[in-house]
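Below are structures written as structure tokens.
Next come two complexes, and both contain chain A; in the first it sits with chain B, in the second with chain C.
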Partner chain A sequence: MMAEGVKKMTKRYVGKNIFKVDAREKVTGNAIYTEDIYFDNMLYLKIKRATHPHAYLRRIDISKAQKLPGVVKIITAADIPKVKNFGLIIKDQPVLIGIGQKMRYMGDALAIVIAESKEAASQAIGLIEVEVEKLEAISDPLRAIEKDAPLIHQDGNILDTYYLKKGDIKKGFAQADLIVENEYRTSFLDQVPLQVEAGVGIFDQETEIIKLWVATQWLHDTQADIAQSLGLPKEKIRIIQPVIGGAFGKKEDISVHIYLALAAMETKRPVKLTYTREESMIAQSKRHPFIIRMKTGVTRKGYLTACQVEVIVDTGAYASSGPAVVHKGLYHCTGPYNVGNVKGVAHIVYTNNTYCGAMRGFGATQMAFAYESQMDIITHRLRIDPVQFRLQNAYSIGSSTPNSQILTLGVGVKETIKLAADIAGWKE
Partner chain B sequence: MKHKIRFTINGEVKEIEVQPNKTLLKMLREDLDLIGVKEGCGAGECGACTVLVNNKPVNSCLMLAVEVDGKEILTIEGLSDGINLDPLQESFLKHNAIQCGYCTPGMVMSAKALLNRNSHPKEEDVKEALAGNLCRCTGYKRIVDAVLDAVKKGGGK
Partner chain C sequence: MKKNGRGIATIMFGFGYGAGFPDHSIASAEIEDEGKILIRTAAADVGQGVLTTITQIAAEVLKVKPEIIQIIPGDTHLIKNSGSSSATRQTFFTGNAVKEASEGLLSNIYHYASIEFRSNHVELGIKDGYIFRNDNPNNKLSYWELAEKVKESGDSLKAEASFFPRTDKPDPNTGQGEKIYVAYTFVTQVVEVEVDTDTGIVQVLKVYTSADIGKAINPQNVEGQIEGGTVQGIGMALMEEQVIKEGITLNPDLTGYLIPTSMDTPRFATRLVENEDSEGPFGAKGVGEPATIATTPAIANAIYDAIGVRIFDLPITPEKILKALKKRETENKIGKKEDF
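The block that comes next holds the complex of A and B.
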């Protein structure tokens, strides 16, 4: 039965040149992306952001901004006492920072300006006066875990610690003829989808449904998160995803959504918010930088015996998908290579940097930099062929990963290595 | 104070009043509803906003609207009538040179400018002409293939 189905599908699609359904609209400039949506009577939003990466908000004065012609309303935390924090895994991110509360990175929002034009909204942002009490801004996760570092969140700067154990690490290193130990660091990376964060919102007074057209990735999770933050049933939030101009993980987090919902409910008019590229860089997620201390044991004949890893990950000011990213990174600490004895620990740490979230590879890419560097250093020290060395250690069907998952299907790493070596002309 | 300007856009003569600080990109998108012109950075870095002014490619986010007074502008919307596509557009479709599509209008317009000045460009010429257009979905190979194929089919004329 199943084979039949597969065969049918093969004939229809596999090996054929299939046109993308929306390619024609895209190539003629007719595809409608979020920022292409206009409504009559539409208002424009702009967000007043933190003035310091780690500080208490002591005073916010919107009186001058409010008097500017074209400004319709400015929402601050005082207007929304019931609105709750949001976040993909942990609800640790506030919608607006209130008096006496702390801003934790430069992207934290202090006020939502609603105006008749983008220009008026932008000008009003500059007229909002803010007084803060500055705290030490922590940009290094190694500083964040020191005993005397100020706490970014109440429960401490280490958000969580994960462990990994397989086999007997001591035995593994005892079997090794060579042990290589190094520290690797990866950097922040912005996903830079060509389209920035953008959204349009409407509040339907009859049904009391908030309709949001947003450049966004996880519609159902986001709908649930907005609903819990605003204290509304999920059915009252409708998210529509127009054609999207790339995301690569950056649009998994909430960006413009809640600001639009609040402004639409407040004004009962269509509202629009498009970030600038600079704002997108400051306010939305990044790829997590990892500090990886890796110790690898190998026999003289080039067989891996042990891998011990300690990872410190900067998740920035908020958790976002950090816990899942770090788990995945840890599980990939040996790469696609068989290692019988593994021990790992990973700390995910808050700092005052822009928060980190999802980006293509989701933690696996950072780890690859460490283990592949280790592989090269080992082959250099043992004077063995790096391709042969990788092939003799590579996963095959039946291999077990560092978290003891047995691979039963689709293990293509050996073919991939062979093909890559061929194409690169390795033998020559 | 607004300025009155007159120009040809996609073959049609238009006269409008614009603020002196309005960019060409804003005028095209907001006053003329030509939403195929995209903004990726607003700072001359990405090429998503590329249009042709007097047959030359420009970043419309870096040009003031008043500067097009008396000039001729071509945007992606004017490249075809929507039914009969330009050979470049056909070629982009055929080669699947489109993923999210956000860079596509700018890419096509930069390629069009190249074919206007050089009907038989080499691969290197194509790469140079598209050097100011970023594609973050990373389809450069297919995009270059698409342009070269359009040249082969006589797209350059």
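The block that comes next holds the complex of A and C.
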């Protein structure tokens, strides 16, 4: 703690608006993004995707596609029997769906087409014939948790459940003069980075190292995910980070990486794969839609006494970072307010929707819509000024979060309330 | 009719992976040829500006101009793990690792220079990449000259450091634990909107933000994060939804999936709370994710303030607003009392 009147040490560069170090390269067009990388003799990939959101693959016929001029090779699951599932937290995502296996959403991959041109690769996709045995496609997480719902993964449609229990929730509601209870819903969002998924791969025959140029938010973890899936030592996968065209959570998961690695090893030529925006939206992660049932107790004088929350989260076809998103959301259920009695449960549920993963705020964003709407409703019902209400409930040093973590440092929440109200000219 | 409203929201965000998930960053600093100091980190700059943040931290500690700091591009085979650019963690985690590595390098500069100058540390001065004895500042050695001498002695001028704070895995039945997140960022936003009751269209006019981020390493960059995050929050509040029916996406393009454009961007006023009271570098906390969180509820609350109806499912589209207004009109006619 700094004593009053002590002058803070002056700094030369920290706290200063120095020019962004990568701005010049970007605005002059000199920055090299994956899309800018080109090698002679390069081949282009295209992915044949699922034809139904929930179905067994019964037959796949690549013979017509293979005869198309320019097509070099088509890889199906039959060609890669040793390749394993991948995934950020749980390895539940197959690289390619094989005969007798299940496609679980429209982004699941059935085949990798490798061709001399993008056009040939795109055309070949349309010539691949697929027969499937359709199952009920589950789009609603509330349907997914019904007893008679078909299983999307063998261990059940509820992937995981998280709990919060602090204080005595019954006592908390007994102390309340007003109880407000509502259900909130948030939607599937795409992170919409300007840059869609794209990558270039080369297999070095001498070192047997697969070199990948793919924008990724976590180099070494992505490297591990690829290596485990391919059954290779980590050092055989080298990822070189190009300039990144935005991410917002969407570049945490595997996208083009394993397809590129397989195609590079197969052809021994440079390979490139760029998703279309449509493919990016259907195949890559979304923000999880939350169903939040929140019950908040408050005294007549406007002090919060209890918060009870039930959350059902649709993670789509695969887990990705879903389990972490769900508990982060749950653990933020009271917002920055002192609430002595908290009870929460959050279920994460598989459906046949596009899988959900990381996006800016990671569950805490969805939860804030619920708790801050509740706070607003309470201030209207009690006719208390929302600024005053927030100030009297907000955390300070020594406050305890829903996890009972005691805050010991950096609790400037009341100052933010006062400052924001001040610059907005807020008056009761 | 156009009606104006104002809403407020205050949020918190526990950053880092937290909940016992191992979370660390490794970085190194070394004297490089051609007058550069090389920082090795795998921290991905996704546009948020971590490379600039690191540059400022290293320049500050090593007392050189930011242009001297060079960061090698990410490569799994040349640099060690710095964790992900997610969870609002890079300024705090990699920022701390770079600060410590820079301090390690600076310590070594003092150590070897004190041998060269046959002096103790207190007699040494440092300025703009030169080290000298205070009693004879003209007889100075640049960091690079010193590095050459160190090299001759078979050693090298560099340092590696990491930042690896502990968090606890919460009790699975209660979610209780001593330290679940390394630290928390707080944001309050006040939003002013205009709602057209004939069309249901909402225009966000002004956004006032105050964020407790400990210390802004680069204030303009922090403001940029807040403005970008707010615009993303406007999208979530008012227009964005990937519509998936029976597993099929009905709007897989940016014609059917709307995001805010410059025409939807409000005017901003931002004030930072900088108490320099976190365990981050120079007291800094993260801002990336919390920058977007308060916007959606603040807009929902402002819409209620403007027209007296509340929408509980996102996004708050013109259709939903018109439907809610119509429902209220019908209820008013039959004399049903408004709930809130």
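As a working rule, the second predicted complex is superposed on the first by the 416 of 428 C-alpha atoms of A that agree within 3 Å, B and C clash if a C-alpha of one lies under 4 Å from a C-alpha of the other, contacts with A are read in each partner's own complex, and residues count from 1 in each chain.
As a convention for this text, a contact is a pair of C-beta atoms (placed from the backbone, for glycine too) under 8 Å apart; a residue touches a chain by one contact, two chains touch by 3 or more.
Please read these numbers as outputs of a predicted model, since none were measured by experiment.
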item	value
First, second, both or neither for A:Asp22, with chain B first and chain C second	both
Which of chain B and chain C A:Lys171 touches, first, second, both or neither	neither
Touched partner set for A:Lys328, first chain B, second chain C, both or neither	second
Which superposed partner A:Lys236 touches (first chain B, second chain C, both, neither)	neither
First, second, both or neither for A:Tyr184, with chain B first and chain C second	second
Chain touching more of chain A, residue-wise (chain B, chain C)	C
Partner chain(s) touched by A:Lys91 [first = chain B, second = chain C, both, neither]	neither
Partner chain(s) touched by A:Asp36 [first = chain B, second = chain C, both, neither]	first
Shared contact residues on chain A - chain B and chain C	17, 19-20, 22, 192-193, 244-246, 248, 277
Chain C residues within the chain A interface of the complex	6-14, 17-19, 21, 42, 44-47, 49, 51-52, 55-57, 59-60, 63, 66, 71, 73-77, 79-81, 83-87, 170, 172-181, 183-184, 186-190, 192, 206, 208-212, 214-221, 229, 232-233, 235-236, 240-249, 252-254, 257, 259, 269, 271, 273, 275-279, 281-283, 285, 288-294, 296-298, 300-301, 304, 310, 312-315, 340
List of chain B residues in touch with chain A within their complex	34-43, 46, 48, 75-77, 79-80, 82, 85, 89, 92-94, 96, 98-105, 108, 134-137
Residues of chain A that touch chain B when the two form their complex	17, 19-20, 22-33, 35-36, 191-196, 243-246, 248, 276-277
Contacting residues of chain A [partner chain C, same complex]	1-2, 8, 11-22, 52-54, 105-106, 137-139, 162-166, 180, 182-190, 192-193, 215-221, 223, 234-235, 237-241, 244-249, 251-252, 277-278, 281-282, 286-287, 324, 327-328, 330-332, 335-336, 344, 351-354, 358, 360-362, 364-365, 368-369, 371-373, 375-377, 380-381, 386-387, 390, 394-395, 401-407, 409-413, 415-424, 426
